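Alright, structures below, take your time with them.
Heads up, the next two complexes both have chain A, just with different partners, chain B and then chain C.
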Partner chain A sequence: MTSPSSAPVSLEQFGNPAPKFINRMMKLRLSENLQPGVVTLLVLFFCIYAGYRSGDFWSALNWQLLAQPLSEAGLVSLGMMFVIACGGIDLSAGATVGVAAVTAGIAAHHNFPVRAIEAAALAAGILCGAFNGLLIGVLRLSSILVTLGSMILFSGIALALSNGSSFAGFPGGLLWWNDAALFGIPVEFLFFLAIAAVVAVLLRYTLWGHYVIAIGSNRVAARYSGYPVALTLFGVYTLEGLLCGMTGILLVARLASARADMGQGLMLMAIAAVVLGGAPIAGGSASVIATLVGVAAFYIVQDGLLLLDVPPFVQRALTSVLLLVAIAAGNLLRGSRKDLR
Partner chain B sequence: MSSSSSVLGRLRLSFHRHETKLACLLFVLGIAIAAAAPRFFSSVNLALLARSMGVLLIVSVGMLNVILAGGIDVSAGAILAVVSVVLVRLGNHGLPASVVLPLGLLAGAGLGAVNAALIAELQIPPIVATLGTAGLFRGLLLEWTQGEWESSIPPWLNSIGSPRWGGLDASVLAAALVMMAAAWILHCTQIGRALFRFGDSPLAAARTGISARQPIYFAYVSLGLLTAIGAVFYAAQLGAVQGNAANGYELTVIAAVVLGGADILGGRGSLLGTFLGVLLLSSLQQALVLLHVAAFWQNIATGAIVLLGVILSSAPLLHRKLLLQQSPSA
Partner chain C sequence: MKKRYCRAFASLALVALLLATGCSRLPRNSKTLFVMVPKLVGIPYFNSARDGASQEASRLGLHFFYTGPTAADASLQVDVIAGLLARHPAVLAVSCDDANALAPVLRRARRYGISVLTWDADSQADARDWFVSQVEDETLGRHVMDVLAEQLGGRGQYAIITGSLTASNLNAWLYWMKKQQQEKYPEMQLVAVVPGNDDQQQSFVQAQSLLQAYPSLRGFIGNSSAAPPAIARAIEQAGLSGQIAIAGLSTPNLMRHYIENKTVKTITLWDPGKLGRLTAAMGAMMLRHEIPRDGMDVPGVGLIRVFPEMRKIVMGSPLDFTRENIDQYWF
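Moving on, here comes the complex of A and B:
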């Protein structure tokens, strides 16, 4: 006996929203799982082709060299993942990396101990992030506008602090980040994986992570549910600043110099990586694994194209095509053309 | 006295308009400049200011169209570079202006159409789509030029950029014409009104019979076309172009439009505001140059002004819009 007619009020009378809702949930699930899979598949095919054409592709040295810039961009991307998950965007990430790097340079110039140099760079990153967080979270300004302004502002500050020149002569303790390796794996990459694990826990198993997703899905609902929207957003942008500070330190250690424009390009790369991992730019969804797939895809393809002797400018064009194709493929597979309207 | 109170009410209303606040800001800046660098208001410098505003204003009008439609385009700088290199290269090959100029404009409109197609047909979010095409256009352009400078420009292009009419050049005239055309299109034609409606709410626009594709194509193609027009004067004024030209220019353009009070969520914005935004940014930069301030302080001042404009414009507006808007669960 399954007839619902005995019930006094049938859901059908109200147009029964349940099936539609479940349908939507299923679609969301599917879309979440699909895009990183598509990207991984594309990259795997590419790896096989690159390995076939170039003997150096599968060498340990190639992957060691690849892992270091990947970890730097990866840290920024993890922060950007949170920012995008809560429905925002951070255009000032690259400039923040520059500020942190220059701060480290100044600290080293004054012969600070290694830990103090690192702390100064992290503090600079946190300050930049907190500035954004204050304007976006507390004053409720639009994230794209605020970070557009602060990007110009921070890059100016970094240039003013460094007087347009570059710093060199860093202590060996700081360069350790670049030189050290464990079982042949660069310590920079292990550090990145550790941070990724911490971030994954933050996202999945803390109330704060829950708030971030809720705000990204529907900010008004989150506010009416009594979630601390301002505080959460402040935290998100501060975390992005902190991760940019870490990236600044790693960049300084790898290049043994510090310049104001060091983070150039990292911002666009981070946004592209998060989106390539399948996160909707409107927010409400985030996955650390997907972001890792997105970053890794970019760097592996770039590195492979380099080994295949593709001209550098064409590499840039092809990685952009990869982004567009992956997003378009994800959209088409998802069949979400109607959902977006 | 109902008539006087309504006048008062209208005055109060217009005081809350973003353009009024912007004009006040401009006025304060003007006084500060007059005190610090009186040379700024000499006729020679004002003509120079007008010349430096032309290109930015033309491209900003295009960006206003895109932002009105609820989109954004970060590939405008790349389009500007592509078109200016196309113009100069073809011109240096000896092709006449009557062939090169239409080709350049067509190239700009075509690249804009690529953006529009990605956004309208493949449903890629605007910022992602244009991020991708920016890298694509720029990469292909650099491969074509191999990073080399085109250090000479054809004579007809040179004559376009040379000053006449008391220090003004053709870019000022073109900017004025573009402003007038845009005012007519945005306020008196169907597609212009559709742009506002679509940007305000795509769903409501669809319910009232406005196509979901048309405003997107119109916005991005018009930006491409206007960027191409800007590129003519950009190349003419600079006298040399290269593949990395106008790197990051799109951000200045977006900053100017946003400073002019356009709502980044779409549906709100005005030509007057955009003009004031461009004027504010350009005169600030010009004044800092006159004061011999180092370049990085210009960045700091520009960033601070943009942030100030954002705070002035969007705090009450955004709050209201957020409460009204059911965010789409894309």
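Moving on, here comes the complex of A and C:
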């Protein structure tokens, strides 16, 4: 087998690929993926229904409180979107959040200033992500196996660092993330939107975003085209680690404490949100808007069901019904379009 | 093509409308709404507490609502409570999965004018109005030691298997057990305190090695609900049933088998149903802006103790489960 690097293909040969790629993506987004639309409609109907039945659903307070956990899950989902777009999966996302939270706890325990606490948590997240990226990108190991292992490794590290107990006594400057609001909108949510915008630019307007989609569509072809596969994958997992680190900080601020098991539920939540947005689980396509729709749908429906007095176990079942209905509807609508078959 | 979508969405809208008209609006009973949140839903201990609380709440004219996370996870519990705040309940009663993690959301609830109770497990003192405690550490610890000493006749070697060595509530009980023994049963001798980490298998292994290491051991205390059943199994397997006394804290469901086959005479805990009832009664008192008095008699619960400076009320004495009464309890 000839090594792919022996025949490097310069990108200039094709002209500038980015604008072409943008055109392709725009077409794809508008024509192929109907699922975000379906989900938005379903959620809108649900909102009307919930708003009719419960007088509290449309209160400002409800949406303020809803926005905070949504932002945390949203950050992890954005990272997961890249991972899934390049054909991988990250099972260690939740554990990475735990490591970041515990790191912040240790830093606060040693009376670090607020910025240093945040930096420490972000660094921990980046390190975890880089570890995954190294194994998956450079050593070309399977992402599901690597992250399964690192999930156990990271949660073990977090448990060992915290000795299984919770940290408290964070400085007020860190808790600002939870308390502050601009025109009644929680700062956490604004921060999330800002990050989402940055991520959207990364995905759509940079060469790196182009590489991610190309690798997800066909990794072998990307490699033979001379794309920097290893470096791109390394970047994807490191970015996911960074976003998990941010989530860790926000969670710590909201709970005013840090525990090793903090991000437990977020990993499956993030995968489900990305899939609910209509991204193919095999990779090759991604949209920030679709991911936002997916994660918002989950939290809005969960919150609405709670306000409608639905028992907790039924809530879980109904939320998963939403996921299945949306995926089925999205696929059926797509299938009905002959031009895309 | 477009027409088809329009038709599909129109029919969906119609279904939603029918659903909406078919259901009545939920009443906004926020002035009497009593919301109870356990550490997790679906386990017998909290189901018992729910049943007690809902009975008492309906008797007192409160609207009772019980919900919680489906797993014992502090961040899930916080999300559930945050969602509940939008309903603006009159009273919010929470059994806290993590004292620190729950504090911000409970403080927030108080800022919105919601009366906050903690029950079963406390949060930080400034995050709630009152803590409804099951039983005082001192009473419980001394009582468990009395149960063991009675079976041993006040003499002989005994060992303690606790949960984890860092759990603050277990350590408080342990302290009072040891103190009671030193003060009242000087002829008894504590040979070892070992952790079973709230795990039946680990507690079982610990019990087995203690039995081998101390052949003249005459009694065990299991200081975490996983420990007594594990000790009983170890004693049964060693063929020592009836020769070694067991006391400790566990639930009737875990101990039913060993109490019915007489390996264990008495096991101690409290009645979660009563605890739920007291929590609801306390909630009703808060709505009426009443302050509980020390020694007052709460119907269905009995005399309670009140510590106004700690803003804590205590349900009272622990409950012993024996062959006679274990059939009445299911948790």
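We take it that the second predicted complex is superposed on the first by the 302 of 341 C-alpha atoms of A that agree within 3 Å, B and C clash if a C-alpha of one lies under 4 Å from a C-alpha of the other, contacts with A are read in each partner's own complex, and residues count from 1 in each chain.
The rule we apply is simple: a residue touches a chain if its C-beta (ideal position, glycine included) is under 8 Å from a C-beta of that chain, and two chains touch if they have at least 3 such contacts.
Everything numeric here is computed off the predicted structure, so don't read it as measured data.
**Student:** Considering only touches as defined above, state whether A:Ala107 meets chain B (first), chain C (second), both or neither.
**Tutor:** After superposition on chain A, A:Ala107 lies in contact with neither partner.
**Student:** In the overlaid three-chain picture, which partner chain does A:Leu242 touch, first (chain B) or second (chain C), both, or neither?
**Tutor:** A:Leu242 contacts neither chain B nor chain C.
**Student:** Output check: A:Phe313 vs chain B and chain C. Expected answer is one of first, second, both, neither. What do you get?
**Tutor:** After superposing on A, A:Phe313 lies in contact with both chain B and chain C.
**Student:** Of the two partner chains, chain B (first) and chain C (second), which one does A:Ala93 touch, if any: first, second, both, or neither?
**Tutor:** Neither partner.
**Student:** Which partner does A:Ala270 contact after superposing on A: first (chain B), second (chain C), both, neither?
**Tutor:** Neither: A:Ala270 stays clear of chain B and chain C.
**Student:** Of the partners chain B and chain C, which touch A:Leu233 in the superposed model: first, second, both, neither?
**Tutor:** Touch status of A:Leu233: no partner.
**Student:** Does the superposition put A:Ile117 against chain B (first), chain C (second), both, or neither?
**Tutor:** The answer is neither, since A:Ile117 touches no partner chain.
**Student:** For A:Ala328, decide between first (touching chain B), second (touching chain C), both and neither.
**Tutor:** first
**Student:** Considering each complex separately, which residues of chain A are in contact with chain B in the first and with chain C in the second?
**Tutor:** 164, 311, 313, 316, 336-337
**Student:** Which chain A residues qualify as touching chain C in the complex?
**Tutor:** It is residues 41, 45, 48-49, 52-57, 59, 61-62, 65-66, 68-69, 163-168, 175, 178, 251, 254-257, 259, 261-262, 264-265, 302-303, 306-309, 311-313, 316, 333, 336-337 of chain A that touch chain C.
**Student:** Where on chain C is chain A touching in the complex?
**Tutor:** Chain C residues touching chain A: 1, 4-5, 9, 12-13, 16, 19-20, 23-26, 28, 41-42, 65, 67-71, 73-76, 78-80, 82-88, 98, 100-101, 103-104, 112, 164, 166.
**Student:** Flag every residue of chain B that touches chain A in the complex, lowest number first.
**Tutor:** 72, 118, 122-125, 127-129, 131-136, 138-143, 146-147, 202-203, 206, 212, 243, 251, 254-255, 258, 264-265, 294-304, 306-307, 310-311, 314-315, 318-319, 322-323, 325-330
**Student:** Okay, in this complex, where on chain A does chain B touch?
**Tutor:** Within the complex, chain A touches chain B at residues 24, 87, 89, 91, 135, 139-142, 144-146, 148-157, 159-160, 164, 217-220, 260, 268, 271-272, 275, 280-282, 284, 311, 313-321, 323-324, 327-328, 331-332, 336-337, 339-341.
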